[in-house]
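Step one of this worksheet: look at the structure below.
Letters A, B, C and D mark the chains as written, and numbering starts fresh at 1 in each.
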Amino acid sequence: MKEGIKIVTIGGGSSYTPELMEGFIKRYEELPIREIWLVDIEEGSKKLKIVGELAQRMWNATSYKVKVYTTLNRREALKDADFVTTQFRVGLLDARVKDERIPLRHGMLGQETNGAGGIFKAFRTIPVMKEIVADMRELCPDAWLINFTNPSGIITETVIKHFGWKKCIGLCNIPIISMMSELEVLHKKAEELDFQFFGLNHFHWHKTFDKRGNDLTHELIEHINEKGVGTPANIYRADFPIELHHTMNLLPCAYHSYYYMQKEMLEHCLQEFREGGTRAEQMKEVEESLFALYKNTDLSKKPEELSKRGGAYYSDAACECISAIYNDKKIHMVVSTENKGAIPCLATDSVVEVSSIISARGAQPLAWGKLRSGQKGWLQIMKAMEECTIEAALTGNYGLALEAFTMNPLIESGWGAREVLDELLIAHEKYLPQFKEKIQELKKKGKKLTDSVVINLM
Amino acid sequence: MKEGIKIVTIGGGSSYTPELMEGFIKRYEELPIREIWLVDIEEGSKKLKIVGELAQRMWNATSYKVKVYTTLNRREALKDADFVTTQFRVGLLDARVKDERIPLRHGMLGQETNGAGGIFKAFRTIPVMKEIVADMRELCPDAWLINFTNPSGIITETVIKHFGWKKCIGLCNIPIISMMSELEVLHKKAEELDFQFFGLNHFHWHKTFDKRGNDLTHELIEHINEKGVGTPANIYRADFPIELHHTMNLLPCAYHSYYYMQKEMLEHCLQEFREGGTRAEQMKEVEESLFALYKNTDLSKKPEELSKRGGAYYSDAACECISAIYNDKKIHMVVSTENKGAIPCLATDSVVEVSSIISARGAQPLAWGKLRSGQKGWLQIMKAMEECTIEAALTGNYGLALEAFTMNPLIESGWGAREVLDELLIAHEKYLPQFKEKIQELKKKGKKLTDSVVINLM
Amino acid sequence: MKEGIKIVTIGGGSSYTPELMEGFIKRYEELPIREIWLVDIEEGSKKLKIVGELAQRMWNATSYKVKVYTTLNRREALKDADFVTTQFRVGLLDARVKDERIPLRHGMLGQETNGAGGIFKAFRTIPVMKEIVADMRELCPDAWLINFTNPSGIITETVIKHFGWKKCIGLCNIPIISMMSELEVLHKKAEELDFQFFGLNHFHWHKTFDKRGNDLTHELIEHINEKGVGTPANIYRADFPIELHHTMNLLPCAYHSYYYMQKEMLEHCLQEFREGGTRAEQMKEVEESLFALYKNTDLSKKPEELSKRGGAYYSDAACECISAIYNDKKIHMVVSTENKGAIPCLATDSVVEVSSIISARGAQPLAWGKLRSGQKGWLQIMKAMEECTIEAALTGNYGLALEAFTMNPLIESGWGAREVLDELLIAHEKYLPQFKEKIQELKKKGKKLTDSVVINLM
Amino acid sequence: MKEGIKIVTIGGGSSYTPELMEGFIKRYEELPIREIWLVDIEEGSKKLKIVGELAQRMWNATSYKVKVYTTLNRREALKDADFVTTQFRVGLLDARVKDERIPLRHGMLGQETNGAGGIFKAFRTIPVMKEIVADMRELCPDAWLINFTNPSGIITETVIKHFGWKKCIGLCNIPIISMMSELEVLHKKAEELDFQFFGLNHFHWHKTFDKRGNDLTHELIEHINEKGVGTPANIYRADFPIELHHTMNLLPCAYHSYYYMQKEMLEHCLQEFREGGTRAEQMKEVEESLFALYKNTDLSKKPEELSKRGGAYYSDAACECISAIYNDKKIHMVVSTENKGAIPCLATDSVVEVSSIISARGAQPLAWGKLRSGQKGWLQIMKAMEECTIEAALTGNYGLALEAFTMNPLIESGWGAREVLDELLIAHEKYLPQFKEKIQELKKKGKKLTDSVVINLM
């Protein structure tokens, strides 16, 4: 890092990249970047060019001399990198469309990071992540990997536990959104509240305190059903029964609504679907309009419109995390990292999403202690489901994939679940080399996508 | 026990009692009983009289001089008892009708020991069990408590862990039915196969071996969908996908179908309900016809018809367990007992249902060892749900009851689940002293049973 | 805390009190104290008066209007306290003389916080601490208890786990001394190094890092045998074999020499003893000369001589900890606090001494993760020995006291150990109400202190 | 096993072999052996011939046609074996002499399976056991390995956990001796008492019950210091303080005297040493006189004199264990086997010595449950010490060897312990290929055996 930091962003053609640039520009004085490499694949090359040019214009509009490179050659980019961020989406938004529509057609939740969709996003991402880590081991063995490809917890566990890359931190914007909305509800500034989070990615709880150490959780639960409390712009949230939360004395995360209010959330998704849209399709439109803006060669800052996407703050979190490592800041962040006992009812080598201190040594989780039965049981089945998912993704074992589906609380088990599994395997065939044999077998047996899915997607 | 054993059966007016008598008669030479006390409550006094007279006739038809007493005075019966068996049903079959019909009316599973029904059966039973244990502490402090009141695992955990009565063993007929059906499938005799079970009551898996130690599990999985394999006469079972089980390399229990085949099982229950019946109502008919038989003063043995009820073998298991304790037999039985590490991913003081050696010291569980993720996660959430249920039952905390409902994999979470909870609280008011305050509050707010339920039930 | 903070120091007559005053004076701007209460017992009243007057002179020499009260009435002092610090020594230095001399006469280690002496210091302190916590519950239920009475870890565990007072933090100067000596060895400033500690009080290891996250542990091990590295002025330390520490890749604490270099440490203690002195006796002399200085009414600051005692930095650590709580500082300190999973091989509710973040909520331990076998086994037997000690101290069970002695790695087990146990019981009779019955029994059997001990001590 | 069982005994030239033959002869009707292969190494060939001929004479004296083969070719013997027993001693009794004398010369315990000697016996045995398992994998992949080479627990853990050979059971005669002596003390027959053991090899406790389940432990503790209770003929045992055991409410094993009565046991060993003998040297004499008897071609049964050696019952236990596996007996035996949760405070994959059910599937441990602090801490440090020992034995890491020495409660830590370590390394050079490099380094530095050891041993 002698002459400045080299940052590599895999999936650099993403519409989020301008936020990342903004975050780095804001922190340049403390985080002296030399060059930024945006990497993408052939299918994303057009977007990559547009975003890359905007990124360079953003830096040119400052007094900092940072060079933005775009490339389809990942290995060229990774050489001597200091920090690698991953924000790629295998199969692009088209894959998300399938993850959402296929389960929904069978009356099940179709969602990007939960249920069947989340499992398949892991199945597609893990083989690619394996190659990235292999490249890093060779080309930048001391680099930090900051992952925000979803399902972020599962991917981070795979990288740390199975690929053995310990210098990896997983990020998510959900905790940030919770904290910001609570500041608003209580009319407080960031420095007036403290938070402690524990759980898994998209499945965590927290408590909120004032600067005298008083627990404000009970008070905040009273506001839990107010619009916007803890929920990102892009997810619907059914109202929670307040007694449940008062008994827990914990604040849930936005995604808990899928588990605590299963019926309402499923109905809402199905209605959206019947009305012709899913999140992926809405996102596609958003993306198109964003790229239309990005093309404008007069634009040299992040357009306001980007903040409205669900992923807001993600990239800023990444920049802050990188700076905290580089500057040994020892600040509190909520990240996916190795458990190490912080949640004693999970294995020490599992990845969890918890309040951690970020320093030059990475993330050090704060120990939470013994959990109530209510949190313990949920976390344990979710982690076990993640383990089955990862093992299936690594081995291509069909029975394990079915087991992950069966355990997942958002997939109604039975023959219908198996049907969804089979259709998703066929639909994503191109990105699932590990399941090749099983997919061939399914196709030989005449398994096809149900017609309307074929029409809509292919 | 100097001059023979004193047995007390609480819920002695049950239609199962003749099976219990048969079991004791068969074992009299090894289990020298002096007297048997059948205890019941006022509402059951008519049945108690009929069953008690049949029981005495059964003994009179032998050469053994055993006296059968019937009483509504539990304390009189418990005095100096050696073994107490519990087979009572708080609220009788009418309560079961409500446990089944109320959830079903909301499109959820209505079942006696799983889902909402199972939770409420625990809510009703635990306060009564508390009194029984208090009486035993005073009147027969050295007695063994053999429980087969359902939900057997939850009740046994409450007795051992919360009421501190260590000399308690919980029984269930499901493991026996599994073992017997596998003998049939493989055309083997009991002495030709070995079994090892682990899990929770109504939620366990097992492996089957021959006498050379060869694992026959894989072979038996091939037969898993044959009619009758492992499933008692009284439950429907949807077919399992065989790949799931081959990956597990474990044999499931009958009740796993509710969890693994949720959609099919729910649909079947709803259809039965729409066709006008639930299990409870079928049971009522069975009971009536059994009591009609029992009344016949010429009858002095267990009628064949009793074996057709779902609970077959339950009572025989109880007799065998009592004899194994009395005679220090050191035989293998599958019972609910303190974990002690046998299932390492659950607390040592949780109650589990596992292969155990039954001796004069009670049940000693065989250690199973580390579980696969697939079993671990399920057992952990089920146990956590049981813990919330027990704590709610002991404290009357409404939020905890809601939490148990929310975690239960067979209850679709959301406002509908809460509605079912509220209706069940009101429906069972009489048997839920711990929830008295909450029920008053609900009633004040105008919460009622939906009309048709009221009509059917009250 | 409206009009300034009320601090209460139990054992306020200690010679360390001037350091405590200095620490509070230094921090007055951030820690606005209103009044300080120094509490002691009748036997210490003379010292209390001297120290109290010096303390008041120290404040008077500043511009801050803080009133120092001295009292023998603990309850009067505790009323509405914000922070209570405990630094009392039951039986004063005379008791320490016995803790050291009695084992030494039997050829065993005689030491204040390790071995037989440490166990007896716990036996004497726990009954008094129980009364203090009972008073606090009544008189200042929101106060923080900052304990530095030794054995600090055992006392803190008793307060938190057995007396249920969660707002308690245990302090020790050993980690501070380690950190300061390493700064010196590496010619670094405090802000240039990071540390992470884990273990138990007087039995912890740590790693040291630079601000880039590089692990300097291996380098520091090379200096491990240099005079002064990590060892307080008042303890001798035998050289360590360097290979052992390179294999561990951890830095030990000063007290590890008793366990790793048992033979050399014991020999050194025995030699000191034969030459006529023990630490306690040296301390008595130091104390006398300190109090001679304190009496001087011209003195209005902490005399230099105090820094030379072993306990240096203890009191400053207490002041910093109090300020970190009051100001929600979120700084790193090494304290005794509830484990909560930070050391996964110990129970979550055990007290451990680990790197923690100190905030308004108290200490939050950083999770360390899975330990090597070498650390795991040591910590587990030490904690088990502490548990036996605490249980014996709470119940007065002689067998448990003997078990603690037998497990303690610094007590050679056998009949000699029992002899030492018996003599210590008799010698400390006055302070051991819980063992009253056993002591009577021993005395009836004619058990006496061996003559020379009697002569020296009584 | 079609035409009878093939047994292979590695270390077949041992003086214990006649007991093994007797055990097999006694059980021939239930255990139809075809052939027995006694394997030994060149140095033992003379003994092997003598023992082999006696063994054949023993079978010839029966009506059973069993052929006894003797060979120095292990691979020839292992081909298609059904059961392999290991009773070899690397370095023969000469190595034991060194294990005992070298520590004793430094004033430390010199003992075959505890302290420094036990660690070195593991160091020498593990490389050989690795080769045996490699051969078995190739030549008899379905065979059971019944180990009674000491330290039996450490060797069994290495075979199961590190070499992955699951069909391995470790045996020891200490539990049998305990049980037999208690029968004698209470004037009972074997079928009148039950036992439950838990712990590690040479470090276990147990409870004893009558056939009504009454705990007789308290009563037996009263007899604990009677000559012969629980202690084999070949170990001295200092008296225990009875209060310690009543508090535990557990019966210790003979080897606990080394840990509980450290001073007395060490003194006794040192005195024996000063008087010119160690166990090894006594054993050498015993062996010589036994082989003198064995040579007698008129002898065709086990001579009485063999029973007087410490190892009595060892071989009979091996025969019974083999028969229990072959016949799926499901009997209670105390064996070293994978923990699987039976002792919850140790890892599930550690090897423990516990009451188990022996069947065709091998050993299934009975779960003991939560331990008292007193047992927990001891077992945890002993297991951690075993883990360091095994890792050092597998890797040849000197620091780890030193760590095992430092943790071992029977080795006084310090520079003297390191001296003993170094001398033992040099003394056993021939059998420690894994430490070759370190030994060269030590020799280069001029490290030698102290003179008298050299004289006595070489």
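Convention: a residue touches a chain if its C-beta (ideal position, glycine included) is under 8 Å from a C-beta of that chain, and two chains touch if they have at least 3 such contacts.
Not measured: the values here are computed from a predicted model.
Separation of chain A from chain D in touch steps, taking the shortest path, is 2.
Of the two interfaces, A-C and C-D, the higher number of touching C-beta pairs belongs to C-D. Taking each chain's centre as the mean of its C-alpha atoms, the one that lies farthest from the centre of chain A is D. The centroid of the Cα atoms in chain B and the matching centroid in chain C are 55 Å apart. Taking each chain's centre as the average of its CA atoms, chain C and chain D sit 44 Å apart. For the pair chain A and chain C, the distance between C-alpha centroids works out to 46 Å. By the contact rule set out at the top, the touching chain pairs are A-B, A-C, B-D, C-D. Within the complex formed with chain C, the chain D residues making contact are 238-239, 241, 243-244, 246-248, 259-265, 345, 373-374, 376-378, 380-385, 387-388, 391, 397-400, 402-403, 406-407, 409, 412-418.
Those residues of chain B whose C-beta lies close enough to touch chain D in the complex are 194, 196, 209-213, 325, 328, 330, 332, 338-344, 348-349, 357, 359-362, 364-370.
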